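Labels run A, B, C, D, E, F, G and H following the written order; every chain starts at residue 1.
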């Protein structure tokens, strides 16, 4: 059986600036990605057709991103039993709180796993974690990724220590 | 042409305690009502089929009520060019704020006219106002209704004046 | 009988940058528009006079936009049985949440159909939907508009696919 | 010149349970009170008539209370140059936040002095403070009232000290 | 007796950019103004001394402005029976909501009349309204001011009508 | 390889009244469940030990529920690359908004899939969806479950239709 | 030098139902407690006198609790350099959010350490932690307390495991 | 015994722009500071190791700063009985409200003293206040610091008075 792929569906192409890091992250893990711009409100049939065939098209997880009254993740979840990851996008004057509540507060029966506002990278990592439940190689990559993140924190900490030491001797600020 | 009717769609039968006043109000104005329980997430096809045929079935306005991540009004609006009135229902621990934002913050292109949280009666009156744009009889009924509301305020005011007078002479409290 | 027109009332001329798209959208549908700057607080008589005569002046729907403690739509609705569409304008430090609640939470008896914060275009489309209840030509225009919106989404999707393909081969970022 | 009176206007007679303490407090200070139930939306003319004649009817301050999209205080303020005190009433599922913003966020030009949610007693005290600017007797009453409040705090504190002492010797809980 | 003056107290000199319009507005009405920078937290004695002597120093109304945990208006009100007008200043990342609640939600017994966030001009107008309760000349100025505001709205409306007419004939945008 | 199990971790045994439906739902799908009461703050070692060994103990997905400053899901996610599902519990005076933000707003690198406030059943369904990515039998059960939900909606709709018909003929209320 | 004591100041005796657990917790650690009911607004002098003499009266930490526009902790902090712990009390219709912001958002210069809404027990524990910085015996008590809390979690977990086992064999619900 | 030091832990080096004033303030009081960049989620072991040894390493107080779902202060507090001061950092589109609730709403048993959003300077002052409970010299410095703050307010007030005097005579603006 072919490796499962991940789909990224956005309500608007303007969400791409937020969501492109999700595609990049998935590809960094060697996961194939399908990207679809389709609006729950303006092109409901386009959403329906894609999602309805998703499992047959070898998709294992769907990431859906939307702002404002962000119905897309919930609408996608209504059409499939694949796990749907929702990304609330900060697209209005309310800082993304409207999108967060529109995605997180799904009624009983149709779950959507909600990420942070604009949390595109975590959506990708979460999809990888799902695929890694039964994939030891992918799990090993995730463990390595965690280790690299920890190393990066330590490197940044070291740089900050150096900067602080310079400031205290040289007296900047 | 037959008189246009109004449809009331609810995401859950538990919304009926809130929404039944809408049906009653519409019938008080002599407007025929169709009621449908259908969930945007649990029965999307049921929503789609009803809404798709709504105009052909002589429906002029659709009232859609839902709580939590209240996608139903927006999903209904995506399938029809009939005006959709959304009623956010207070169904979670957030007092209906989640439903209000999920309905009011519709993205550009697909409008939903949002009522107050639990504002079922106003949804009915608003539907009547729409039908009355081209219906002088209905408009006359609305004007009469307004007058009765004003009279009722005055009667309540009179009762309160009497109560206050009694309290001040009799010395209750 | 002459075609019904739509009135746009704003609390301040500073709302025009938000609201002008409503006039343009209405005119694109061939709907005549009357625009009034009038404040519920600074010029209540001006509001009253216009709204009181609105039905006689062949107006079928009133769009009212205001920010902050946005009383204008509710005040307009108190003077007429025409359907009133409220547009909350983001005019303070609270991102329009004050205006949204001031408009959406209308008490029972006097409905206002609330749009999204700054949702001027949807206000126009919603007005057209109301006028189209009994106007097949207008309804046909709306259906066409929906189709064009869907086409536009697909074109943007195609452009994004092309951009992504270029990035992956050319290696930008 | 006769002593100035204070008017209390409520949007609904259901606000009376909250507002009656305002009348009582004013009367305790010897201030005459006029009470009016009148809705900004259901009976705008009733509001207008009363407020328009308020100064001539010897009213010095107007207290206006309303819940939900609480337009009444702002609408009253639009009709008079008398100082208007707004009391947001907790009347919906939002705990009075809708009323607070609808009253406090008045646009520039027409001020309303906003009290706490359900803050009827403070509205009365604030009206007395306004009347006391030029009334030494009333000011003396206010100073006395403050002293009594402070005494009451000390009495309650003494009672609590006694209760705590009993608990620690007697060992309750 | 000398004309009552109005004091403006600010928690920080950085509030002056918001509050200076209050002084200007008061002077436009011929009201004398005293301005004090004094912090409820950093200089409580300075606040206490000024407020304690305010009535003796011929002050009739105190405007107090503060941001963040805006205690200044409440602390001022605790020291005086003069009416205190609170202006919540948008000084943090929360858009002034913290200051609004810190000022508006005063407990029973010590009222503060709260203006909109950054509502410095309305604070001045509200103070003038209080002073005008017993001052017919000041009331006449207020009525004139209202009329000028209404005229200004009409002039702006006329300019917008002209602009729109040009756009439609000239075809800009 | 043995079937993957799902762990449910709660910050407090008082969360069980909310979370027990999750265990029941998982068992209805034939999924084995491990339940752990362990607090991120009171028993961090207990959390760490369980989560660190989770993958070795054949766990495929972890559901973590907590209220207030709900750190448990994020702390669990920090210790494992298994997908973590967070359930914000309504446990304070803020209606669960504190828990929702504490769980949903996870920083980049460590994802948590957030459910609705008190969304225990959806957490279970979401875990099943993850396990069903590579399990056709489980997927078939999910599809059946969806069908049963849709049937239930239709049955409730039929009951409501009957109730409404009775009310209109019998004339209750 | 005598052991430092902890003062608990409340704005109202009605806060005692929330705060009494703080006194009990402190006494359980052998810390002497002074309790004062004093309002920042109704009895500012009473607050000032107590706080001004606090350090001389051997007080090491002050816990201040208040609801609504909760100024007490900030006002206390303005009068002393002792560390002040603020407890926001849920005393209005806003669930304590007003008190939380009024206490937490203190401006630069005068810190208050804010606890959770109604977080009286944590206030006591936090005071003990402060006193334990230089007191090894108190630190040992805290470590023991932590261990007992962890044990309690494990006992509750065991009880829940037993309950679940019974339910699954006996089949309740 | 050596003087107690203060540790500053940040979840990300990007918090340094906010937190560096804390280190500077502590050093101005002659308090030694240890700075650590360590994430509760990305480097939990790094946090654990540092905090576990903090008391042995002569640390008396820990300041922990984090944004978004700000778990760091609570996680630090779970590992130590030293008092932990939490600084919510404004790091997302929600203005720091997510971080504030994630830190302030700690459950019973593990206290964190929460500062204002971005309140790094107050965190340092609060730590000094804790250390000054048993350190008269440090207390004297704090009293002096308070006096200098008060002087600074008076100087700013004087400058503003001068500026206003110039504006009124010279007529700027």
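Note that a contact is a pair of C-beta atoms (placed from the backbone, for glycine too) under 8 Å apart; a residue touches a chain by one contact, two chains touch by 3 or more.
Note that this is a predicted model, so its numbers are computed, not measured.
Taking the definition of touch as given, a chain qualifies here only if it contacts chain B and chain F alike; those chains are A.
The minimal number of chain-to-chain contact steps leading from chain E to chain H is 1.
Across the two candidate interfaces, F-G and D-E, the one carrying more C-beta contacts is D-E. Chain pair B-F has a twin interface among E-H, D-E or A-F; that twin, with over half of the contact pairs alike by residue number, is E-H. We define each chain's centre as the mean of its Cα atoms; on that basis chain B and chain C are separated by 20 Å.
Our note on geometry: chain D versus chain H, Cα centroid distance of 40 Å, whole angstroms. Distance from the chain C centre to the chain E centre is 33 Å, each centre being the mean of its Cα atoms. One finds 37 Å separating the Cα centroids of chain C and chain D.
Within chain B, contacts with two or more other chains are made by residues 12, 39, 42, 68-69, 92, 94-95, 97, 104-107, 109-110, 116-117, 146, 149. Applying the touch definition to every pair of chains gives A-B, A-C, A-F, A-H, B-C, B-D, B-F, C-D, C-E, D-E, D-G, E-G, E-H, F-G, F-H, G-H.
Residues 11-12, 39-42, 44, 67-69, 71, 74-75, 77-79, 91-92, 94, 97-98, 101-107, 109-110 of chain F touch chain H in their complex.
Contact residues on chain B toward chain F in their complex (touch as defined above): 12-13, 16, 23, 35-39, 42-43, 45-46, 68-69, 92-95.
Residue ranges on chain B touching chain D, taken from their complex, read 90, 95-97, 116-118, 146, 149-150, 153-154, 156-157, 159-161, 164, 173. By the touch criterion given at the top, residues 4, 55, 60-61, 81-83, 85, 100, 104-111, 113-117, 119, 121-123, 125-126, 129-134, 139, 142-143, 146, 149 of chain G touch chain H in their complex.
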